[in-house]
Amino acid sequence: MTVSGPLTAERVFESGARLAAESAKLAGLGWMRGTSGNLSEVVCRDPLRLAVTASGLDKGELSASDVAVVGPAGEAAHVRGVAPLTPSAEAGLHARVADLTGAGAVVHVHALNAVIAGDRWPKGVRLRDVEMLKGIGRLAHDDEVVIPVIRNSQDMADLGDRLEAAHDPRTPAVIVASHGLYAWGADLVRARHVTECVEWLLAYALAVG
Amino acid sequence: MTVSGPLTAERVFESGARLAAESAKLAGLGWMRGTSGNLSEVVCRDPLRLAVTASGLDKGELSASDVAVVGPAGEAAHVRGVAPLTPSAEAGLHARVADLTGAGAVVHVHALNAVIAGDRWPKGVRLRDVEMLKGIGRLAHDDEVVIPVIRNSQDMADLGDRLEAAHDPRTPAVIVASHGLYAWGADLVRARHVTECVEWLLAYALAVG
Amino acid sequence: MTVSGPLTAERVFESGARLAAESAKLAGLGWMRGTSGNLSEVVCRDPLRLAVTASGLDKGELSASDVAVVGPAGEAAHVRGVAPLTPSAEAGLHARVADLTGAGAVVHVHALNAVIAGDRWPKGVRLRDVEMLKGIGRLAHDDEVVIPVIRNSQDMADLGDRLEAAHDPRTPAVIVASHGLYAWGADLVRARHVTECVEWLLAYALAVG
Amino acid sequence: MTVSGPLTAERVFESGARLAAESAKLAGLGWMRGTSGNLSEVVCRDPLRLAVTASGLDKGELSASDVAVVGPAGEAAHVRGVAPLTPSAEAGLHARVADLTGAGAVVHVHALNAVIAGDRWPKGVRLRDVEMLKGIGRLAHDDEVVIPVIRNSQDMADLGDRLEAAHDPRTPAVIVASHGLYAWGADLVRARHVTECVEWLLAYALAVG
């Protein structure tokens, strides 16, 4: 994936195709009910531009053109040849995560276990000594991991501040209480894999905790 | 979707194709076991006519012609070129919902979590401060939502009266205790999305409640 | 489906195709792990002959020729043009059910909820006032239904005697404790629908019981 | 499957195709989240050589060439015409299992129920008098079965020693605590079937235990 050079419609739609493919997999796991959740990919670093799944659509049935381009605050960014679809309101948080962490892709899903875990452990979900932690870049032994939990808000700047304050650079995921999960990675496939591993870890924590 | 002009067989079968497609998705989620559940779409407003999935068929394997047309009381309505299949007995309740709420489509599923929630909270399921409430048209914060629960009956007029008495115009869903869930929306896709979001909310309520 | 006239290989393989199709659906629900479970269809009434899924195969991947023909005691019955595959050891119980109840098809699955329910209620699972009971031919109101539970055995004659003693002609299903579920119907699709509805009812009973 | 004669690239890729097919089925069951888990098949007995799924890939989307060849200690083994992909670090344990048990194929998955059961019963999971035990080669009655549980380690030699010390030749599976499940069989399909049956048995034990 190229993130430098001119941002063309072709590159945006290539990104849209990847967003649609990964989105369909996550929707198939039941984590994007209704039209909930959204995925993004950084398509330009300077200035920061993300391709984000368009708002209000069924995340299991997106096509390559169901994509919007946003800038650092989640505002729509014009790209010649790309129809200006409405980005998700949460696009601003995606951009914030990409800026803060250097991630190349961000996944946001309404995974039920994330919301239940956020309710049970509002100060963060502690995990330790589980092999699956390697799937999110941590160690399987003697590594105290906390998945941060932040309070929900409809103001993406507030939510971004909370995420920035709570986030641990070693842990590529944050739970938004009463809402869902954000997870990220170097690219979209990696971000989906992190999402899958975090959800497994939360299911495990809920079962044994 | 056109709901005025002459009600032709072509329009009924177009509706049948949409009913089959959405029905297959809901069946795939496990909410239409056996031949349970039914979906409908308003195909004419004046007089009120609904296309409803035909009775006794596997809801995961419908085709466009597995459709019946009914009037306001769920009675079969003749359309030239449409074979008179038996509508579901529950078609009368679909029509009542469409008339009462102005919805363009109604979904009825035997989602297990709806029946369990109806058992646990026979006076209605209270929900508040959850992001997923936006998926059913309510607010994520400071909005007290109650999914009504009504007693079951085999008499669709009784059931309709109970639904009318219990229903909140702001909340597009009602649980029928010991039975299942009714949900609705402007069109079939929206009604399916509402169904998915309500089921998620009920699963959440059962897990944390 | 014809059950009179000469029993030809063609009719056996037509039955095999139906067995494979329904088996794949039940396997997809997770009720036929490993090579567990088996399905059968009556292909001749006099003398009694059943087409049964062949033993030791993956029930999600059968083809039309993965079928054996058995007589009243589950013994292999020769049909010209049909290779003598090993029938499941449980074929004798299928034949007994078909003889006892007049069912045209029998499904046996290792559904986890059936085994858990058999453990919890070894004298039978009581159900009453649930709409889904209509899916197994009973009433939604004021109808006391008991899904019988019988002790497991490796002797199909013993198991058949227990099933005959416990079974209620109005209820097309029996749980074999520590083992799984038998369900039946007029044809294979109906037998699968009954299986789905019984499993839903058992999941419900376990959740609210 | 041939395990003697010259080990050609063709045989390795045939094995890779089988590994990809079975891996996709297990991933579809949710037991290989992220890039977790790995499958192997013995492709030569003397010297011992296993074809193993390559590391770091999505186990639901492997192709026939996503395969590595390893020797008895999990070290990469050169085969002309096969690109030297990185085998999973756990390949050494696969080889140890194949050597110890004579199995022709080994499956390792991160099935949640295995990890939960390992937490609940760190000295082994006792099972008895369940029909599904026949699916792992044991008896349905009067046969005391223990699925061993061993402590996790990142050192495959240590893990292999623990597995060798704990393993019961009659039971083709071992739980690695805080990690996942190893299961094996004469070939890959059998190893997958054993995996499915063990997971069912663990789900059952957790539900009734």
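A, B, C and D are the chain letters, set down in written order, and residue numbers restart from 1 in every chain.
Simple rule for what comes next: a contact is a pair of C-beta atoms (placed from the backbone, for glycine too) under 8 Å apart; a residue touches a chain by one contact, two chains touch by 3 or more.
Since the model is a prediction, treat every value here as computed from it, not as a measurement.
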Centroid-based (C-alpha) most distant chain relative to chain A
C
Proportion of interface numbers common to chain C and chain D (over half same, under half different)
different
Quick one: report the Å distance separating chain B from chain C, using the average Cα coordinate of each chain.
32
From the mean C-alpha coordinate of chain B to that of chain D, what's the distance rounded to whole Å?
46
Any chance you could list the residues of chain C touching two or more other chains?
none
So that we know how the chains sit together, what is the shape of their touch graph: line, ring, star, complete or other?
ring
Pairs of chains, among all present, that meet the touch criterion:
A-B, A-D, B-C, C-D
In the complex, chain A residues that touch chain B
30, 33-36, 58, 110, 112, 115-116, 119-120, 152, 154, 176, 178-180
Residue numbers of chain D touching chain C in their complex, please.
29, 129-132, 135, 140-141, 189, 193-194, 196-197, 199-200, 203-204, 207-208
